[in-house]
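Okay, handing you the structure first.
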């Protein structure tokens, strides 16, 4: 496995344009997270321009957190463009267990072979058709319980599946790794997972997707650890987290990454 | 009147799922406020799923700040589901005096008998049909001037009406209380009132609604007082406020609550 | 040229209601920026009420960052109302080089003669039909390169054109000024430009638009300089920036403004 730091270095060098079709709650934080890590974010969803914009960007993230039929159609259109161009796109099935609409939209998006699917354990279990104990948009299942589901899902999409939690699990169906960076406060503020998608997408541009995803998870978790050292609560954690991402260096990422390849 | 602290303890214990159909400005802050107080927020508005999601959640908030006809229809649909299930829902008539569209939508929502209507004095006066001096989304009337309107509105809806201001006024038509916690900086940042709705909704789950609403107002105001002690301005007030909500204990809430029952 | 401080004093005195039709990423920050400077912001976009609301407000800002056809129609409707009433409106052509939809919408909005067009160099070059090297929503061109384009665009609209960058350039076609306040961190967080629009709009209410725009740019840049002195990164820069705007006095603005009239 390649060192994580070089992926961060590549983002800082290339400043990739990342196209995000994300939920209303996440948009501002996600943009600032991508800027802090060194990417150039754009939020574009309108049917009138989404395909044209998708053809300009280096990567795409899709998040169904506040989607409706029109936004869903825009997501399919953009993902279709990016897939055809052979570029990376990241899919986040927020709260997929909650409604039939999310399940149907997720099915259609999975058919467009996302480079990376990232979700919590309940979401990945739901996607894999194994049933989950999802409750709203929180994770009611453990990451360990979702490992088989993640492998099965990766076999279906041909891409990477990442399960977020206290210890993250990443697999391409064959290879797998666990990343144990992070801080408990990250689950006490909203849109952390959504924001992580943008870092994964930036790291994956012109890079091997499995290794880049693992590196992105480590970078994100390390920034959380840094922020947790000074934050007085979830409110002060947020600016501290953005500051930490901004100051994270490739060397610090390599030194602090806790990545374990799974046999 | 019951002690306020036990409502906070109940939220921390139950972690209720609160469904929010709110405005674009408020979504992120409102989610973080609900997480800080101990609830599990979800923002869901699409017609394709709003009724299904409303049936899953323990409470609902509806805020017309950036509504349009489609969002308005989703609000009515969700409120109808929640009312039929006998659960709590909170209605915030943001800027209702400003346009005919807001007045018509508010009329339809009031007919669905919100458990709690929360607004500033101008909004409550407008809703009660007494005319207000509203100006945009700010309060141009005093809370005291809206007390009779609040009682009349509570009689109409059969629920609670809460008027926010330097001293809050809460009534169910018969009983009434004033809550004098809070900090002047709370009116210098956006979406504080919207965020309060989410705390009220969480506090009301499986609880007596009048007492729970009063407790929520006190908790929110106390967190504002805490934040005001360290903030250097409205920018640093925001993270400090989230930190304060997160660290607020039932004991501290009981000790600092300034609640006066009105004869 | 009038002193800048008096424009800030006028905003604090009048607390103008500013109607914003802006992008989803910017809404919350933009509202807090306007509150901090002393204005009263409202975000209203629905076709059902946008004209009625535009007739109530003292100024309007329009930002196409996440527009679609419906929002575009609302922008045209609101701008039409404001123009007819002879009030000030500010147009921000975010990412106009990226898609045909943005270019067509911008053309229609320019025909409604915005009082102020504010963008980065690439956006102004694109608008002026001179072609730009735009990339997403970032500026790929220098401000200096856009000066002629800005003058040409001002001749077309009959209003003010402001080009944001390390040194801002403002012109009404004949007069011109450069404003060199600001801090590099302002380009490392999202929606700073969007938020600036709201300050310009507030400053322009009942004032000479060229001088008011220059003063708004100086005020915004000075707050950035203040925030940059204490921020540890882009995360902590944001609350510090809001605090700095809130504490900025007319005297401090006059003392720190770096404005140069161009011959």
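Every chain is named by a letter (A, B and C) in the order it is written, and numbering of its residues begins at 1.
Methods note: a contact is a pair of C-beta atoms (placed from the backbone, for glycine too) under 8 Å apart; a residue touches a chain by one contact, two chains touch by 3 or more.
Keep in mind that what you see is a predicted model, and the values were worked out from it rather than measured.
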Check your understanding: Through what angle, between 0 and 180°, must chain B be rotated so its C-alpha atoms fit those of chain C, rounded to a multiple of 5?
Key -> 120
Practice item. Specify, for the interface formed by the sequence copies chain A and chain C, whether it is same or different in terms of residue numbers shared by both sides, with half as the dividing line. Key: different
Review point. Per the centroid of Cα atoms for each chain, what is the distance between chain A and chain C, given in Å?
Key: 33
**Study point:** Sequence positions of chain A contacting 2 or more other chains
**Key:** 24, 28, 238-239
**Study point:** Interfacial residue positions of chain B with respect to chain A in the complex
**Key:** 17, 24, 27-28, 31-32, 35-36, 40-49, 52-53, 56-57, 238-247
Revision key, fill the gap. Chain A residues touching chain B in their complex are 23-26, 28-29, 65-69, 95, 98-102, 135-138, 188-191, 232-236, 238-239
